[in-house]
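Each chain carries a letter (A, B, C, D and E) given by its place in the written order, and its residues are counted from 1.
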Amino acid sequence: MADALFWIGGGLIVAGAMLSVLGAAGVLRFPDVYTRIHAASLTDTGGATLMLLGMGLLGPFGLITLKLLLVWAFIMLTSPAAANALANAAFGSGHRPRIGNFQIMGEDKATDAAPESAGKERA
Amino acid sequence: MTAPVLEASFALNVALLLMLVVLAAAVVWTRSLLAAILLMSVYSLVSATWLMVMDAPDVAFTEAVVGAGISTIVALGAILLTRGEAVRVSWKRQVVPGLLAGLVGGLLIYAMSGLPDFGDPASPANSHVGRAYLETAKRDIGAPNVVTAVLGSYRGFDTLGETVVILAACIGVALMLGFGPRATLAPPAGAPGDHHVVLRVTAKMLVPLIILFALYVQFHGDLGAGGGFQAGVIAAVAIILHALVFGLRETTAAIPPQAARAVAALGVVVYAGVGIVCIVNGGGFLDYDHLLTPQIEAMIPAGLLGDPDKPHHWGQYFGILAIELGVLMTVSATMITIFYGFAGRTIDAIAAELRR
Amino acid sequence: MNGGELLILLALTLPLFAAAMIYAVGRMPDVRETLTLVACIGLAIVAISIFVRVGQGDPPALTVAEPLPGLAIAFRVEPLGALFAVMASVLWGVNSLFSIGYMRGRREARQTRFYICFALAMFGVMGIAFAANLFTLFLFYEALTFVTYPLVTHAGTPAARRAGRVYLVTLVGASVLLFLPGIIGVQSMAGSTTFTPGGLLNGRVDAAAGSVLLLLLVFGAAKAALMPLHGWLPSAMVAPAPVSALLHAVAVVKAGVFAVLKVSAYIFGPDLISTLPAATWILWMAAGSIVIASLVALTKDDLKTRLAWSTVSQLAYVTSAAMLPMASGLVAGGLHMVFHAVAKITLFMCAGAIYVATGANRVSEIGGLGRRMPWVFVAFLAASFAIVGLPPMAAMWSKFLLITASFGSGEWFTAAALIASSLLSLVFLMPVAFRALFSPAGDGAGGEFVRPGGTPVTSLVALCVTAAACVVLFVAVEPLADYLAPIAAVSFMETAP
Amino acid sequence: MQLEALYVAQPALTAQAPILAIAVPLIGACAAALAPSGRAGWMISVVAAMVSAWMALAVAGEVMREGVILYQLGGFAPPAGIALRVDAMGALIALLIGAVGTLAAVFSGHSLAAEVRPEKHTLFQAGFLLAQAGMVGLVYTGDAFNAFVFLEVSSIGTYALVAAGERRDRRALPAAFNYLIMGTIGATFYVIGVGFLYGATGTLNMADMAARLGTLDQNAAVQAGFAFIVAGLGVKAAMFPLHGWLPGAYAHGPSLISLFLAATATKAAIYLMARFLFEVFPDGAAFGDMFLQWVLAPLGAAAVIVCSLQAVFARELRRMIAFSSVAQVGFIFLGFSLANASGLSAALFYMTAHGLMKAAMFMALGGLAISIGARRLEDFAGVAREAPWTAVAFGIGAASLVGTPLTMGFLAKWQIMEAALAGGRIWIFAVMAAGSVLTLVYVGRIIEVMFFREPAPGAPRAKESPVGVLVPLLILAGLSLWFGIDASLPQQLAQAGAASLFEVRP
Amino acid sequence: MSWIATHFNYVVVVILMMAGLFIVFSSGNLIKRMIGLALFQSSTALFYISFGKVSGGTAAITLDAQGAEGQALAAQLDPAYVAQFGVEGVVYSNPLPHVLILTAIVVGVATLAVGLAIAVRVRESYGTVESDEIDAVSRVAAEQAEPAP
């Protein structure tokens, strides 16, 4: 029983870690801000959930499980909110998605450099 | 003597340290200050993890809240007010600094050969005073967390100094930034009822939670990792979050800058006051065994903290409690003051200053 | 506080008090100058009573403060100092008398400052004279430099300022770089700097260290104007005549040679000196000084400058005396210090008197003046005799003793230099008086006095007094020499051949 | 003057005096930060500084009577607990800090009004008191790491205080930044050094460290620890060539801070270095002696010559005096490098003398800065006529700097030179003499301009300093004179301190 | 090789220290210099903590050796080792460096805050945070050398 729990828990943690690595790759490879945010936030919550689950299985049941639960709740609360805020801020500072209708509309080619140049102008 | 090297933990140690080296190299490399600051934030997080491997949960906790938290916020505030990129430095001007750093490094490498092996339990560092604390803390202080015992009591004077350093930073930042043109940090996007409603709702839920957590960290310091310093930073973060989401005007209405400065000073007064009370009651400075007069001690019910049979060091207990409170006050108020200082200056304010 | 302490305190405070009073009444010249004279007389009385006490074997002493253990500001009078004090205070009086005439006659500016600085200079001189240790001597020695600086630059012309700068740089530089290190050296070797009969360092230093210290201390006392540190003296002649008279014949330069004598007698002691190679080197340099300065004096037409070079030469006599490996040299040096002072002040006062009366300051301008100013030139002649070392002038004795001592100790070179210098001074001094008195008509024979009435009476009295003193001291030399004998632990009869 | 006659303290208070000398300004700083007005802040500052000075006096008296004082904090005996350990040397430096701090606090009333924005006054006073508390703590503590904490307590506020001079001279800002960078590197070096020593001995208490280091002087870690500690403290002490921060910080900061730092900050760091050099490190070890002779002495000599020359050629008056401070530190290190009791005692005496004279000079300039904003030397032409008392006090400080007899500076130079001769180190003696002459040159320049030159037509006229400045200023100048005539108080403490350090050596 | 293994942590500390110092000395940007300073200071934390680690030790929070946790820890170690280096049956890491580094971290953040505040003021006063440009402005000012109003 304990062995099985160990393997399941370990597997979950590894899976969570893999998910996070995939998310990181997405952040590097995706074309624009919004898809990158999407990659980061989704894998973040997903990976964290898997890992916390794995940890819960590995540790003794009790206070630690409760703590892990709280951590999970916290992540579920903050991570999407942060992603939302980030996307919001990106939109507010003039970034437009590169795919879908927006690309056809052809606004703003060099979106990546926008925040910095904006900062410079203000400075 | 054969030291049982725990292979797994050592491998983790090596891996994390290598990550730190890579991060440091990236910080050296990059010219973007934003990138450097974020890399430093990651650096802190990684080093906090490493500190956990090194059995230093208190330090890890602190490194996480300070390095990844408050330092990043302050540094971001600073580049917002200055500029985002460093000028390229020609290689010629890097030769001398490189040589200097190399010189120091060479001296250090030479010196390292005289240091005991990593993890050696018999090294002087681990066998003299450090070990004495482990042996006597329970008896002298009564707190299970030896780090807290040393921090609060054995080396409480250091901690007083540390608190004063924080106060000094508060005074320094207030002197530098606190009296200039004061701007109101408006809610992130100007329009009322805008897209930020998610953020606001979340923040409203989070702020009390964070403060609750700070209190937990504060009072849990006796038993586990944590204490006044970490709690202070966490509490400050709650306020800073409030300011970021709801605007500086809202926050300063709740906590005026003058009040924050006053609390920072009062924290040190509380800490030093404990020391003075000890003197008045016939002991030395910060000698908590004399904090309570016998009459007061007699009034404490024996079973106040659980097990009635165990002898309890009430003086030490309340002393550490009180000084941690002082630390909490000073640290949280200082962090808030620092944030106010940086946030209170905007680019427009700078322009106004330049025109003056 | 006993009588001795009181006397020393009086000697020190009287000039200070006088300076303050002069400042207070500066607007009333008559009161001011009366005050100066009263102070002179008072100081002379005090100095003489100290002199007498020392003679009676009851030397006054006083310790003022001890900033560090072994480093005290203390006074203790010994014969040489007592003599120096008497000489300086009496000559101050005489000089003040002269100054009154001179300064009024020339209508000089800033007369109050002039008198104040004089009084302060006497404060410095008294401190130097009575100092019980090198440190105290150094203190007052430096004070003397600074209070006399305004006197040197009195004229306020660029030339005067330049001379003042040379004066300060040479004297202070030598003090800081040479004299003070020497003192510290003495302190570190002996644990104190107290003047000790027989020599403080005697038996405590080896020849090398002793030589270094001796060189530092002798050359550090740049007021003694030993070549090559003599440059300040001729250039300081831009000062008014009374300044040259008192300071550059009596107070300042004599403070230098006095310091050398004290160092020789009480820090090293004759025994140690006789073993130090540096003493011989200094003797040679002094001999060179004597001859070269005399030769330079020959070439100078400006009367005061000529006298100044003569002073350089004569000061080197005293330095030589201090360095002779023979105790009697010290007595000779002490005597010569006094006798030369009396003679030289006379010469300077004469030069001043000529200048104030006729505006002439060059030797070539004074031909035939003697007819109109007989007293002045008779006094000049007498003083010239003294400088050359002819009887019946007191300086003959000291020179005689000096030459004997140099022969006696085998320093023939010094003796030769002394004799050569006497001959040279015959050549450069005698013609001055002779040209004035006996030349039928020179450039200055005709014409009017610049100042109606010629030399002021007070000035005339003053210079006659000192000229007479040259003669009187000739007779009184034996008691004086005996008075000084304790410093070298010999008596006059032994020193005489 | 006997020390015991100087103070009156209740016995109970005397026992607690060491900690009160630190705690009172600390609490005073908090009170000042809370003060309702600048005036109230000033009063708190004066009172707290005065109490601290009084306590330091009590400690000094106690040390003279009883020898080294140990004060355990928290009731734990060292090495487990932190202990204050005050020897005569520390008592002397703390006394200097207390005295200068008190006078500076009095002076600050007028000075701040002229130089710092009014709303900043309370915080400024608070920062000033923190710096004072930090320095006293640094001097009193017997714990190597605690010393680091106090080093930072005294520094962190000070950086901002220097920067606060920007109202008058904006170069204060980069100067303060530079100071912060250098100071922090120095402090971190110190921590690294202490880390090595801790790694080698397992203790942080300096006395315990000394005992356990006994045989370890060949250990590479100990040697490196030594090097790092000296280099780190060398930065704080403005040891040549690590002094780069000092001229800017002193020249452009507010007068109050320049004067306080110049008089005390470098001294506290030098004192700590002396304790490591002579108390903690393996006694008579070839390594330490080699360091003193081949590193410290040449660096001291270089500081004396190079920085005196820089002072000679400086154009701004305060910069000149700041360079002079570095040169004077060189004199102090020359005294140390003699490695004997008389050299150390002389160097300590020199530290005290230098603290008093520099405080007087900077305070005089601060008094003048109230009425004229002059910086260049020429702008001070003829100030002696308009502000005679201030100029005279400056002149006394300058005279002491040169080493004029009857001032404290003379006795200080005298002692070091005498010790150098006694130790047979003629070249040190020669460097001292040369340095004194260079000092004479630049001081002579200043005095000539201030006292003997006519003010330029149309230049702003200086005014005599207000009484609130003159009183502390004249007291400082008077102390320089008084100790030049009767030096027994600093002398006794310096000698006892040096003796106690060398007693430790076998 | 074994030296590398036993001193690996120290070598990393040295590298980090050099990196921090290099940034401080080479960069002209005040903010970057502060970041370098922070890196430099944090390396001392690694240094102290490294020699406080005891092989097989646990965090210095006292445990009951007879309790479950204590037993689990003891099971991983040689009993003789525990007997020699343990305290009441448990091997702990050294708490003292932890305490010291807590203080050092706090000092670090204080320094960072003050330094950045000064940098911000420099930016306001000079319009730049690059040392070269500040020097240029100062030099011009020094040449004019006008007395402050």
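The rule is short, and it goes like this: contacts are C-beta pairs under 8 Å (C-beta built on N, C-alpha and C of every residue); 3 or more make two chains touch, one makes a residue touch a chain.
Given the structure is predicted, the values throughout are model-derived calculations rather than measurements.
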Shortest walk length in steps over touching chains, subunit C through to subunit D: 1
Neighbouring chains common to subunit B and subunit D, by label: E
Geometric centre: closest chain by C-alpha means: D
Of B-E and A-B, pair with higher C-beta contact tally: B-E
Most remote chain, CA-based centroid, reference being subunit B: C
Chain located farthest away, centre of subunit A as origin (C-alpha): C
Subunit A and subunit D, separation of their C-alpha mean positions in angstrom: 55
Where subunit A and subunit E are represented by their mean Cα positions, the distance between them in whole Å: 29
Centroid distance [mean C-alpha coordinates] between subunit C and subunit B, Å: 77
Contacts with 2+ other chains: residues of subunit E: 17, 21, 24, 30, 51, 96-97, 100, 103, 107, 110-111, 114, 117-119, 121, 125
Multi-partner residues of subunit D (each touching 2 or more other chains): 145, 149, 152, 156, 159-160, 163, 192, 198-199, 204
Residues of subunit A whose C-beta touches two or more other chains: none
All pairs of touching chains, each written as two labels joined by a dash: A-B, B-D, B-E, C-D, D-E
Residue numbers on subunit B that touch subunit D, as the complex places them: 107-108, 110-116, 123-130, 132-133, 136, 140, 153-158, 160-162, 164-165, 167-169, 171-176, 178-179, 261-262, 264-266, 268-269, 272-273, 275-276, 279, 283-290
Contact set on subunit C toward subunit D in their complex: 65-69, 71, 73, 135, 138-139, 142, 172-173, 176-177, 180-181, 184-185, 187-189
List of subunit D residues in touch with subunit B within their complex: 16, 19, 23, 26-27, 29-31, 33-34, 71-76, 79-82, 117, 119-120, 123-124, 126-127, 130, 133-134, 137, 143, 145-146, 149-150, 152-153, 156-157, 159-161, 163-164, 192, 196, 198-204, 212, 219-225, 227-228
Residues of subunit B touching subunit E in the complex: 1-6, 13-14, 17-18, 20-21, 24-25, 27-28, 33, 36-37, 40, 43-44, 47, 50-51, 54-59, 62-63, 66-67, 70-71, 74-75, 77-79, 81-83, 86-87, 89, 93-94, 96-98, 100-102, 104-105, 108-109, 112-113, 115-123, 125-126, 129-131, 133-135, 137-138, 144-147, 150-151, 155, 158-159, 161-162, 165-166, 168-169, 172-173, 176-177, 180, 223-225, 229, 338, 341-342, 345, 350, 353-354
Contacting residues of subunit B [partner subunit A, same complex]: 34, 80, 82-85, 188-189, 195-196, 198-199, 202-203, 205-206, 209, 347
